[in-house]
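Shared between the two complexes below is chain A, which pairs with chain B and chain C, respectively.
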Partner chain A sequence: MSERQVQELVQALHAGRIDRRGFLRRAAVLGISAPAAMWFLRGAPGAAAQDATPASNFDWKQESGKTIYPILVEHPYTDAMEPFFSEFEDLTGITLKYEKLPETQFREKLLLALSTGAGTYDVFMTGYIDDFRYVGGGWIEPLDGYVADPALTNPDWDFGDFYESLIEVNRWNGELAKGVGEGNLWALPVNEEGYALFYRKDIFEQEGIEVPKSYDDLLKVAEQLHGKEYDGQKVSGFVARGDRTWPSMTTGYGTIFWSWGAEVMDPEAWKSTVNSEAGVAATDYWGKLMKFAPEGVSGFTWYEAMQAFMSGTVAMFIDADHMAGSFEDPAQSKVVGKVGYSLPPEGPGGIHTNIWIWSLGLASAAKEKNAAWLFMQWATSKKILADSAVKNNINPTRKSVATDPTVLEYMSSWGDYPKVYQELIETYSRVMVPALPEFAQLGDVWAKSVQEVVLGQKDAKTAMDEAAAEMDKVLATIQH
Partner chain B sequence: MSSVQNVEAARPTLESAGTLRPGAAPTRRWSSEQRLPYLLLVPALVVLVGLIVPFLIGAYWSLTDYKLTSSLPKNFIGLANYQTLLTSATFWNSVRVTFTYVIVVLAIELPLGLAVALMLNRQNRIVRLFRAVLILPLMMPPVVGALMWKSMMTPDGILNYLLGQIGIGPLQWLGSLQLALPSILLIDIWLYTPFSALVLLAGLQALPKEPFEAAMVDGASPWTSFRTLTVPMLLPFLIIVGTFRGIDSLKIFDLIYATTQGGPVDATNSLAIQTYFEAIRWTNFGTAMAYSIILWALCYSLAFYFIRRWRRAMA
Partner chain C sequence: MTHKQTWTIGNIAYWIGFTLFFIFTLFPLVWVGMMAFKTPVDIFAVPPKIIFTPTLDNFRDVLSGGDFLDYYRNTFIIAAGAVTLTLVVGTPAAYVLARYDFRFKEDLAFTFLSFRFAPELAVIIPLFVIFQRFNLYDNYLGLILIYQAITLPLLIWLMRGYFEDIPKDIEQAAKVDGAGWWQIFSRISIPLVLPGVAAAAVLAFIFSWNALVFGLVLGGRETYPVTIALLGYMGYQNVDWGPMAAATLITIVPEFILAFFVLRSLVRGLTFGAVHGG
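What follows is the complex of A and B.
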């Protein structure tokens, strides 16, 4: 291949003589893999500018000279976007002064900063569970007005390209314990996760085991594999998050809880329903399943659980589907190419998983809202999201990114992954937690009782009755 | 006498100097000498206000239903927060965890520190080396120390490996309900026994020699002279160590946060950790302040008790 030929191809693409698919096909003929071809496409002079400043006469310079202060989480999305910040500054003339923190510290710092109303940060990463609090405090700006304003929003940004179901997750009308999907839009989605079953293909093949389709099967497989050695490593049957905070409830445990048909609360009676028959049965099952988890699982957050699975010492794992990007990364993982991806098994109530979406929100107290909105637009543009997707910022929140050949190529060696995550988005992953600013407290209280079951301190019925009583006390303090 | 006379003599001069300036009538009443004591008080007043105002605000919040994420105005609810606490199992569990922590810390770090101090209370090269080594844990930030131990205490960590060599375990150091608190106490003892040893060593070296020589002449056994001389004379130092370690342990947060965050379940959920959950994770500032005020009262009483003992010991 010659560089000239590639250049000609890139020019042909930009001139509209060929489409992206055609470009990749022709590049392949020249012996260039899809990621390399996309690198040419993005790296080539003029290519980036072409994507960011298209033919329309949208005025990117309208807020030139302003300074904005975003606060971001340490996350593949942020990492992928960071190198392009200077491009944004050149494009708009806006200065970016941003902070980047690990998730826990990020939440604490942001919450306190927002509560002072001082406008310390203009733009921040958020998710709908955080939004419940920020809306309650009046700290987050509704975005529909910005989206609809042609002076502020570039038509090429293409709002309609976001998955409608994800936009709905970020809408809430403020009605306590309901009203998600209605009312104002509070944030723009940049990363989506549903909850999938990961299993070790190599072990399953060796033992002649089928992927569990029911929770009975899952338990049997966990028991069968627990304590056996594979590749010189003793494996545990199953792992999930098990620490005493709410994210343990909304991920592995939650997938089982909701698939049993249980609910966190009854919004009409304003009572917790974690001790319903289904809730108790699911928790009882969870206690049995977690017997086959690694020791110390009661301290596991997503990080420890993911590390355990990537070190090759666990046979099955239910958690955020997009961990696939880490599992398949040889720099981090010992199980590259050995992981199978599947929908979680079907419970008595079907398959239900929660959903999480990292998004960008705008602070009500922001000093430079228009400049901040320009940043949000840029940071959720097709170009930035497509580029970050192949750097492990999955799952995509834009249809065009999900179908981008480079992104498909990036996931192509991950077996059933693309199909599984798409099915989760389309059919199974929904907002399952009640829309309440107090969800963090409810979830933490609940998680403690679930730990008591896992540690064998109490039976599921007693623990869930106590959890429900404690949660009811919290609910009673809420004016609704 | 002479200095008083000097002051008396100087005053009229200063005052007359003030009247000499035209239009200086107000400064006459506030001569620089009269102003001086108040000026000197200003820094102390600033500090006092800086301490008391936040404290009073916090105390007031503990009487309200203040929730950070609520846009509704906060209401004065009297002692309702305290009432809720006193009837809550979580609160009493935290009290139990905190008191257990304080008692174990005092019961181990004081005698152990004293034993180490006694061993180091002599002059030779090995002792000097040990004194240098002893300070090492003290120079480590507690969170770093805790994380270091946390990695040693993982199920396949070095501690379980070593125990495995002698046929014990594996133990679930931080993961089990029974062992989590003792494991954190182990870290505390490792971190802070050097502090108690160093203070007690300084105390030992300040003791007069004569009573010990007299006791030796009278044929007292080392144990008798330790019991009847060393301990009583060292009491003020023991009380100082007890006060510091006692108050620090009542407020224990960093070691627990870095290792178990209060878990599993509530096994290591100290008052300070529960306060953190209420305030920072759940934004219930009213309840969190009630926790803080109770914690403050406990620290204050402990300090008050120890300082009274210390005064008596000094007298």
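What follows is the complex of A and C.
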């Protein structure tokens, strides 16, 4: 152990790069016991105000006396951050008057507030699909100017630490049905989900089955395990969301659709392409695979699908990777420690999954934009994001948080999970849906036809031709 | 029924039907009641457990943290305020509609009624803007005012029926004795319809207690109603069934008590009053 290393750690703690727990953990790695490490802390100058004292000369008090109005979703991120709001108020002298609502009511109220231009909220949680609408309305502020302004942005905040791929998701040039990843930055990412394959490790071991790497294998495994009994429970081979709404399209089904190399639409021709050869083949496969799903899957949203998997009655599941937090929670789940995490299989077009990110956006009508920006910076700081990650705000959106020892410790019993979600972020999960505020409408039409294939009412070709025709009608109503 | 029960086929069918309907309407409540005392494991048990070891954890969870109690208090203040204002404003209005003749009387009565059947969402956007402008947003007074759209039509139409039920002769007699309209209204008519007032007020209170949309849109963190706290248990990747059931039980307690006390007049108010008023 060297004293210099310890000094560096103490400084890192003061700079807010690591928190107290992180400090103790790292100190332990250096061979320092917890009491000794605490002694270093107490002995160090300014230790009392450790978290609030910035290392640089950044002026956190520049907007002191202002009041800002954020609106947040009921979400682990919000829950984790809430207890620290008073720290933010002490640090900046800004008063926070925030609202917190369940997701559905949150969207209704935010849309209303933004559309009336009343400036009710300064900062709000958002996702890229929401941004398509907000940008079109001129309700959301581009952020590049704030990020680049040294007077407004603390260098310690470290913009470069966010995954580049996630920053790209939140960039859009405003061109309909394309242009994601280009143009202005509209929001700062705070929570990410990609789509992974979950499987029952215990069943796979018992049967001597390998994790499927191709969709042919996946289908075979689903067929092989379907209807067998494990731990006294009959299992289904596979599950995914199956209800006839658009989220079914962007998760399990979508992972297969896009991995077949299919696309939702052609932005140049302004036509749906779900009935392309690849789209039909993927849908045909989907119909075969869903034969091994539990009864009633046509009504399954994420909730029913997740419950089915957690009750131990399903062998494989493709959905949002961060459901791991629930699978591994003994209060909710019967499959704790039994779940394997893997990339989805490779299709004819490779591996492609959609992505979802919760982010923070700044309202154009905000009355106190600079104060709001200080809040956004604080709320996306390494400290807040690392702290929320171990309270189930996963997946992390910062590289430093993903590799933070406390975060890795939190996921330590989840097998390959950390590797899988990071690979998805870095390589495989991208915005696959067209950049249209009306995507939900298109997705609902599409979902109806896909369900007809699953129910065996129509063959994939007929159903996708009908879906494309219906989607074209919706597209025809959109000016571009 | 006071006559001696005779077991005819029709009678038996009536009771079977009645019992089935009783079970049908009460079952969800019993189910929620059981869920409130179950552990998460028991809640998800298949087949469902009828006999289980009860736990108070859900109630502890609900009462110890979160926004539930604050929002509960908000609902109480708003609903009580709204009903009080409605009683003060609505009772005289109902009396006038019942007893006096003037031009556009029925149009006026219909306008009051229209507040009730107009969908809240149709007026919510302009209201949102107006509330922001006049600092009524996230403010008890603002919500009490807008809740009049829920409570006022209900009270006016129920009370109008009650007032019309009072024989005119009684009021005429008072008039002959030299009473003015205010004396007649306050000394004669109001005491006669007091059970009706109670019933209408309770009904208005229950409707305000259950309201969601106005509170959601025009309220904020300081004034959100309890219905929003209940929705909050449908959380992220998870529905907290146990705490949600416990919170639901706590939430319906005031409605239960009130309904119990005024059950008789409530039923009468819904049938007699409404028919005559219409």
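By definition in this document, the second predicted complex is superposed on the first by the 427 of 480 C-alpha atoms of A that agree within 3 Å, B and C clash if a C-alpha of one lies under 4 Å from a C-alpha of the other, contacts with A are read in each partner's own complex, and residues count from 1 in each chain.
The rule we apply is simple: a contact is a pair of C-beta atoms (placed from the backbone, for glycine too) under 8 Å apart; a residue touches a chain by one contact, two chains touch by 3 or more.
Computed from a prediction, not measured in an experiment: that's the story for all the values here.
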Once the shared chain is lined up, is A:Glu452 touching chain B (first), chain C (second), both, or neither of them?
-> first
Which holds for A:Gly299: it touches chain B only (first), chain C only (second), both, or neither?
-> first
Just chain B (first), just chain C (second), both, or neither: which does A:Thr116 touch?
-> second
Contacts of A:Gln479 with chain B and chain C, given as first, second, both or neither | first
Is A:Thr95 contacted by the first partner chain B, the second partner chain C, both or neither?
-> neither
Examine A:Gly138 and indicate which partner it touches, taking first as chain B and second as chain C; both and neither are also allowed.
-> first
After lining up the shared chain so the two structures overlap, which partner does A:Glu108 touch, if you call chain B first and chain C second: first, second, both or neither?
-> both
For A:His75, select first, second, both or neither according to whether it touches chain B, chain C, the two together, or no partner.
-> second
Contacts on chain A seen with chain B and repeated with chain C across the two complexes | 108, 112, 115
Would you mind writing out the residues of chain B in touch with chain A in their complex?
-> 65, 68-72, 154-155, 170, 172, 174-177, 260-266, 277, 280-284
Show which residues of chain A lie in contact with chain B when the two form their complex.
-> 108, 111-112, 115, 133-134, 136-138, 243-245, 294-299, 437-438, 440-441, 444, 448, 451-452, 455, 457, 477, 479
Going by the contact rule at the top, pick out the chain A residues touching chain C in the complex.
-> 73-76, 97-105, 108-109, 112-113, 115-116, 118, 120, 302-303, 306-307, 311, 322-323, 325-326, 331-332
Mind pulling up the chain C residues that touch chain A in the complex?
-> 40, 44, 46, 67, 124-125, 128-129, 132, 137, 216-217, 220-221, 228, 231-232, 234-239
